[in-house]
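Letters are used for the chains, namely A, B, C and D, taken in the order the chains are written, and counting of residues starts over at 1 for each.
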Amino acid sequence: MSAPDYGRAFTLWRDAAPLWQAYTRHEFVEALRRGDLPRANFLHYLRQDYVFLTHFARAWALAAAKSDTLAEMQAASATVQALVHHEMPLHVQICAAEGIDAQALEATTEAPANLAYTRYVLEAGYSGDFLDLMAALAPCVMGYGEIGARLKGAGGPYSDWIETYAGAEYQALCHDVGSLIDGALAHRLGPDWASLPRFGQLGQRFATATRLEVGFWQMGLEGV
Amino acid sequence: MSAPDYGRAFTLWRDAAPLWQAYTRHEFVEALRRGDLPRANFLHYLRQDYVFLTHFARAWALAAAKSDTLAEMQAASATVQALVHHEMPLHVQICAAEGIDAQALEATTEAPANLAYTRYVLEAGYSGDFLDLMAALAPCVMGYGEIGARLKGAGGPYSDWIETYAGAEYQALCHDVGSLIDGALAHRLGPDWASLPRFGQLGQRFATATRLEVGFWQMGLEGV
Amino acid sequence: MSAPDYGRAFTLWRDAAPLWQAYTRHEFVEALRRGDLPRANFLHYLRQDYVFLTHFARAWALAAAKSDTLAEMQAASATVQALVHHEMPLHVQICAAEGIDAQALEATTEAPANLAYTRYVLEAGYSGDFLDLMAALAPCVMGYGEIGARLKGAGGPYSDWIETYAGAEYQALCHDVGSLIDGALAHRLGPDWASLPRFGQLGQRFATATRLEVGFWQMGLEGV
Amino acid sequence: MSAPDYGRAFTLWRDAAPLWQAYTRHEFVEALRRGDLPRANFLHYLRQDYVFLTHFARAWALAAAKSDTLAEMQAASATVQALVHHEMPLHVQICAAEGIDAQALEATTEAPANLAYTRYVLEAGYSGDFLDLMAALAPCVMGYGEIGARLKGAGGPYSDWIETYAGAEYQALCHDVGSLIDGALAHRLGPDWASLPRFGQLGQRFATATRLEVGFWQMGLEGV
């Protein structure tokens, strides 16, 4: 099965990121697919992912603040809303069903792999501009989309998780973000953006964020 | 009629801001009340206010990015959503009815008074933290609420504008933002926040933003 | 006399900024040249300029924080040092000689034109990247260089001020900043940076900052 | 031997940071003291530390940009100057003597532990204010001071490194930064700053940065 097409910039960045396969086909992902990931590891991951989402929402809010056009602002703002009013409450609910109440969830100590990834993204956004933020956010958004598309229908104990990212709504989000990025590049750098040093520099941000995604799965797998 | 009570911090800041009356009872406001503000001045103001709202939405997005708690993030994020998906389209619509199409609106050159105010707020937010941003945003949010409450029922050609800010929905927003600020102060500075130098420094931000609001009305009145 | 050549990007931006002549040949500047600027206006300007320099130094510090290369960081950092350890103490000294002590200088209330300009520059830097900051800083750095070069030898009561900016040291700084900008553009956008939308967007930042420089002189002239 | 006294805030933060001893008495430090740290590990550490210093200098530049007073700005700016014109060239020189040329040094891939720490500090500074930045920077500045003071005179192959941090110049820097922090707290929070929630929140920043310092030594020890 070929990977979904989330846009031109994403495809170029992905193909140039040395660890893209190490990320999207990480042993943690394979264990989700096979259904033999120990529950404790999944819960550890979920708790860290909740903290991650907090910072992820902050990063999308920063993208709204750094938007150049109303369309960019609306797209970024809608993502923040979806995260804080939908995605994060969903996490709270899943964890509650597993016996981790909201208070315990909020009290989660961030793992170093989590700190590394989230602060890398936010700092890229603060120090750079809208494009830097998009390049740092893309591996998470689209990587999960690609994983969801590949694992779709795998069934097993983690099928809820899989189908969330395999589903039409999440896949549409990946396409939207891909278009947002391609449009933002053209708006600032013109039609030949792929040939500019800036695009290569953004690709390095993407590659570093991808490397930190590998670390995040590894943290989930090792349970620390 | 006494001014509405939007919370403890707001009341203290307002009472200490030398130009609060010069802002909320500015000749531009009085002309809106009496209904004799020339239409050209109102439209000039509306166009500048549209540009203002763009940066105002960016500032609230930055507040979401700088939130400490999920509640702060949800409040800030909901305000951004309201601004970009509701308030700004409304402006587009009002201007369209007056013969200013969306393209002309987007092409508005920012007046210096507009640049001064919006960049002051955003820079306060970037250089400082969530509290600095709140102190710089409060004069706009609550000042319009206070003006709306005072002008309520004045009728005349600007009654739509007046009733928007006099209305229950906008008044509730002012109370919510007031609570958000009081809560954010207590969360960071403890119950005696009003006695700390930090609170006085925030009050100076509030006073400077109030001064820049006076300049904004003046720009509307002078039509430049 | 032709204007000095401070580099390719600066020349293109200057030629495209509608108010460049209104800024560099402003009546305040002409009054400095002729020597008939009232002393009170000059002192009002000096006091505001001191506050301006504080934020200008902060903006160069932000440029150091947003540097991509060690060379960029060293250039920006050296400028901050020069400003806070040399230029600002010099201002303190000149004002002291005029009977304005350090305390009075620190207590200066920022004029709206000052707030508009400094916060525009800082916000451009925070919201954008190193290039946005350079485009917003360039009109001040190079405009003063161009004015100094043109007024050189004019003599009169303001000859000290004039010769500071006409002098070899300041002119070298303008050339250095020009090279820094051309190099930063090439590093990020490749050799054809002048043809990209990004360059036009940076030119708009330059033009807006130039417009705010006009407002700054006007504030000096009007003494408010 | 008792630890040096670098000020009130530092002492309180250090005493409340669970991993302070794990950081300042880490096996990497002990191996430096005994002199049996493998050279390869030391060089790996040095290369990562060079990249670290780049971001550390950026963080101090950001502190200059976020200063409230001229004294804060001068202190932060002087530190940047020292780092980019003295400390970093020194690293280049030491590495060159070991056969790692400047190009190789610049090409160092940041280890995840390095990314985690540096981006945590910078993001704390961007999202928060001057105090947040100080709390995140303090463990590095003062931790090295404390280690230097304890290892002073240990001799062995790493005595140059040890004496740099044990030396009067570096110890004076630690005292200066300690005073800067105590002064900045009093300036913003009044004399009872130690009792405020804000101080506890800053202490958590300090504790997290300390935890990431442990990770940095561990990275040095494991050579990855």
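Note that in this section contacts are C-beta pairs under 8 Å (C-beta built on N, C-alpha and C of every residue); 3 or more make two chains touch, one makes a residue touch a chain.
All values reported here derive from a predicted model rather than from experimental measurement.
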Relative to chain B, which chain has the most distant C-alpha mean position?
D
Over half of interface residue numbers shared between chain A and chain B means same, under half means different, so which is it?
same
How big is the gap, in whole Å, between where the Cα atoms of chain B centre and where those of chain C centre?
31
Let me have the rounded angstrom distance from the C-alpha centre of chain A over to the C-alpha centre of chain B, please.
34
Quick one: report the Å distance separating chain B from chain D, using the average Cα coordinate of each chain.
42
Among the residues of chain B, pick out those that touch two or more other chains and give their numbers.
58, 65-66, 122, 126-127
Footprint of chain A on chain D - complex, ascending
58, 110, 112-113, 115-116, 119-120, 122-123, 126-127, 208, 211-212, 215
The answer for chain D against chain C in the complex is residues 54, 57-59, 61-62, 64-67, 70, 73-74, 76-78, 80-81, 84-85, 88, 106, 122
In the complex, chain C touches chain A at residues 65-66, 68, 126-129, 132, 187-190, 195-198, 201
